[in-house]
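After this come two complexes, each holding chain A, first together with chain B and then together with chain C.
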Partner chain A sequence: MPLDTSSYSLALLRLDGRRWNELRRIHAQISTQAAVDGSSYLEMGNTKIICTVTGPAEGRRVGGGGSGGEATIQVEISVAGFSGVDRKKSGRGDRRIFELSYTIEQAVQTTLHTQNYSGSTISINLHVLTQDGSLLAALINAATLALIDAGVPMSDYLCACTAGSTTNTASSKGAPRPQAALPGLSSLDEEADDPLLDLNGLEEQELPFLTVGTLGASEKVVVCIMETRVQATRLEEMLAVGVDGCKRVRSIMDSVVRDHGKRMVDEG
Partner chain B sequence: MPREVELSNNERDFILGALRQGLRLDGRGQDVYRELEISFGEEYGVVDVRLGKTRIVARISCEVVAPYPDRKFDGVFVISTEFSPMASPAFEVGRQNQDEIILSRILEKAIRRSSALDTESLCIIAGSKCFSLRADIHVLDHDGNLIDTACAGLVTALQHFKRPDVEVQGEKVTIFTAREREPVPLSMLHHPLCVTFSYYDGGQIALLDATFAEEQVREGEIIVTMNRNGEVCQIAKYGGVAVDALAILSWTNMALVKVQAMTKVIQARLKEDAERRDKDGIAAELRADNDRPSERPHG
Partner chain C sequence: MPPTSSQLLLSPAELSYLHSSLSLTPPIRPDGRTTTQFRPLVAESGIIPSANGSARVCFSDGTEAIAGVKAEVEKSQWRPGSTEQSLQVDEDGGDDEAGQAGTQGTGENSWISMSIEVPGFRDDDALPVFLSAMLTEALLADGKLKDRLWINRRFHWKLYIDILLLSAPLSYPLPLLSLTTHLALLSARLPKLKSEGDEDPLFDDDWEASTYLYPRDTKGACLDRPPITLLVIAVGPNFVFDPSKEELAVAEAVIALSAGTSDASTLNKNLRLLSIRTIDPPSRLTPLGIPDALSSAATGSAPLPPDEQLAAREGTDEHGVWNPPRGGMKRAVLAQIIKAVIEPGGVAQEVMDGLMHVEV
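Moving on, here comes the complex of A and B:
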């Protein structure tokens, strides 16, 4: 029997029954693949990612480097054809995918202590199994976990999540305010804008959102990507909610790593 | 693969040392743009934009094609970028460099995804004919801040361009040349402009309109695209050193001021050009007497 969602909008619940500041279920494992140096499997809601890390190892391309005494980072993302709603073969030269991998490469570069590994390569392979929103955030989190598993020294967890902003349709639908028709009072409606945390695929298509990645629990932003048009005044709360969400993501990721460590010790 | 000449350590230290004292190599303030120079070609939609030594040419062209089957009511709009080897030794013909992909992605997000151009207005007959608009961005000289320059050039070119007028009678479409009917400007919904902040010392120092040398020593950059109405169309901070969330907010506020100033410059130049093209105004166009010397010798 399908879930009765008719009362959701009255209770200000979202499509999937969450409140505005709730994360989706994050489930993660590390050391899932035996053949590589580090690996992780991460689910953020229905977005599922497998990440493998090889290195720091001697790079394949010799001579072309000279990157100033730092390790080179290679990121490759493969999106499975069955990951989306419609089966799509993404070409090799997809710029959107390139942008995602470029972002991860740049973000990881400053977090890892790459100066300790001059001349070597760290390659990060990400496989997207299912997409349901917050793709970049999930990719970053999966990469962080795999890098931790690989034992590459880094300054802190790089954790990411998305934050959106919604015009509060629930309240305006429930009780249509007559004064909203007056243009001068439309600012009243502006204030009814609610930020949302961790958007799913449907919400992402409808609402303006940004992906924010922070360094650990600090409020320092490493990645901030927004692709949709939004009033500048709404940016502040979106960022605040996003940064707060990152802190929670960090604590979840931290517990995953600690549990894994404990299990390793227990099993000897 | 040719590479850019890297700055020496001395040059790096010098630039950074000067920045920490609040000085830039060319004597500008930290939040001052180089002068935006815009000139137009003879045709509509050809724009040459210079920001200091950085120079790009944007050119808009259009043709009539069949629309994509899944977007029957929309015209086609393509942005293509080309980095010419004359701009920098690091650019090669035919091979896309990383900066180029990022530039085209930013333009794509800033202008296409924010629906600055109303693509529905390019539709002639739904499902069978539409205008296909092509914007070519050529980078002729590279001295930093390509993204802001390219975005300004593209937005100016789109406002400058005029497409041929069409008339639809049933299934029959007539496209008029510029002689037959005055071409019509594109319908733009808003005019987004990019502002790139280059930062140093973990966000303590933020520079606007960094030159090439300043770009090479920066810790990271954040590209904010806004329009003059205060809407943020796009923000991109791809990694780089971490900065405070509050700094990002204050930078977007600063970006708005710059975008408004730049929009003013662009509008003024567009108006100048329109006046230059339309020398004597509508009165000259409509007058009945022909151009011939009035004091013709008799007999």
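Moving on, here comes the complex of A and C:
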């Protein structure tokens, strides 16, 4: 379904009314489930994730060989059939799901102190309830919150968000745009070629975007995934906007954790 | 996911203690509930905007499930048998209006599809398949739901019910999943049909105008409700609703009962039994206790050979020594259970009324 993103250049407002550097509403809860060690619920706009963490606990031996003094991290993602617009049952061994879980596994490894738990397993279960863009970013943020709730030692928050870029320039489109023929608008077009923060589902279908994850506010990028084509010159500012977004995500997640901690102290 | 969570580790002495306290009159349950009392739960419905109906239920032991109901328009398959029926209806009801009359008995079982996801299990494992079979059975036995999915002679709604168990199955998750499905179906809405007759269906895009899958009257009270499936265990002369993990470990029989609203008249709120299934009780796999008379450690004599020991055990019925139950339940107990479920003001009624008050 082609999407009309050309209206962006007129008012500099995106389809859902945000400006280029605005995040969607992020709402998160931790300790949502009593039966597991750590759990979280995260909404980024209309993307909703539930994450549960079990462990570090003695897990199933995989293969039989020792894992070299480090905890094994298992990430399982299940996408609910009703999560999208059309009902779709994701089969086992879906390549995309496998890639997502591998990315999260690698990312989480950089912040967890797995060397303290040799021979044990930390299993992260992620359930996607609804999806509307920024899926990987939301999964990473939910996993971080659940790991914090589980009390697994980690060096800093792992926070992620997406950044995209409007492709309004004539050169990237390949064909001259009708609006460029109007005298007053051509200069506006040049300025309208903006990086965008935190894309929703419709924007993701239309625009090039990348998912970036950083370690806390340190600007240390641990995840950077991009599956679309974009001009190399645009990449730098997309990354900069993404890293900046991660800092804001971190402050939101931090306030969620602090609020929860305060409530636990108050309620005893 | 460690597989140990499904197997409860209790010693024969503990099992015997649990069993004898549940056999008392009145039975004493480990968590102090009465026989028909459910565990406290947290429930909410209408939580997922991308589904037609959805619900989340969280039991106090931490098990949690989310159900989503999604309806899609599907082309009906033409079948020789079905035309005859609709022709007959045409004669009865006259012209196009016969469409509404034709909804009686036109639904097909394949229009409802259910899938259950249990963490640590594949979707073709025995547990999820059995659970979804039991829940689907009750929905179909109700008979009215599938007829409501009929749009016109060429199209119907296909109802996908996806249930996610978010936590490990600590106790047998059937009541949890059933209650979640009940709530999700209760909150499910279908867009209002704008087209007429056998045209390609066209729907009103105003969600406010949508109709509930289970119709309600103007005051919002339900005229019909989805079925619920309850789990009951029998211990000696007693029965216990909504068993916990420990109680399941000493159950002599486990049965699942589905109850739904009766189709005669919706005004008298009688419930009827839709299905009963017996479930293999986990107590058969529990370790057995050895009476002193047979224990070589207590008597000091040499242990008997295995076959003689087995024969000697057969005769003993010593109090306080755990024997995994064999056989089923007494008929009188089953009759009592059914009565307790479907009588007016019974357990099923109480559960349904309780769930009606769950707010979106």
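The criterion applied here is as follows: the second predicted complex is superposed on the first by the 231 of 268 C-alpha atoms of A that agree within 3 Å, B and C clash if a C-alpha of one lies under 4 Å from a C-alpha of the other, contacts with A are read in each partner's own complex, and residues count from 1 in each chain.
Rule of thumb we're sticking to: a contact is a pair of C-beta atoms (placed from the backbone, for glycine too) under 8 Å apart; a residue touches a chain by one contact, two chains touch by 3 or more.
Everything numeric here is computed off the predicted structure, so don't read it as measured data.
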item: Contacts of A:Ala57 with chain B and chain C, given as first, second, both or neither; value: second
item: Chain B versus chain C as contact partner of A:Arg95, first or second or both or neither; value: first
item: First (chain B), second (chain C), both or neither touched by A:Ser218; value: first
item: Which of chain B and chain C A:Val36 touches, first, second, both or neither; value: second
item: Touched partner set for A:Glu237, first chain B, second chain C, both or neither; value: neither
item: Chain C versus chain B, contacts on chain A by residue; value: B
item: Which of chain B and chain C A:Asp16 touches, first, second, both or neither; value: neither
item: Residue ranges of chain A touching chain B (in the complex, touch as defined); value: 64, 68, 95-96, 98-99, 102-110, 210, 212, 214-215, 218-233, 235-236, 239-240, 243
item: Contact set on chain C toward chain A in their complex; value: 1-3, 47-51, 54, 58, 60-64, 66, 68-70, 72, 115, 117, 119, 122-123, 160, 162, 164, 166-168, 170
item: Complex contacts: residues of chain A adjacent to chain C; value: 32-36, 46, 48, 50, 52, 54, 57-60, 76, 78, 80-87, 89, 92, 123, 125, 127, 129-130
item: Contacting residues of chain B [partner chain A, same complex]; value: 1, 6, 98, 101-102, 104-105, 108-109, 113-115, 220, 222, 226, 230-245, 248-249, 252-253, 256
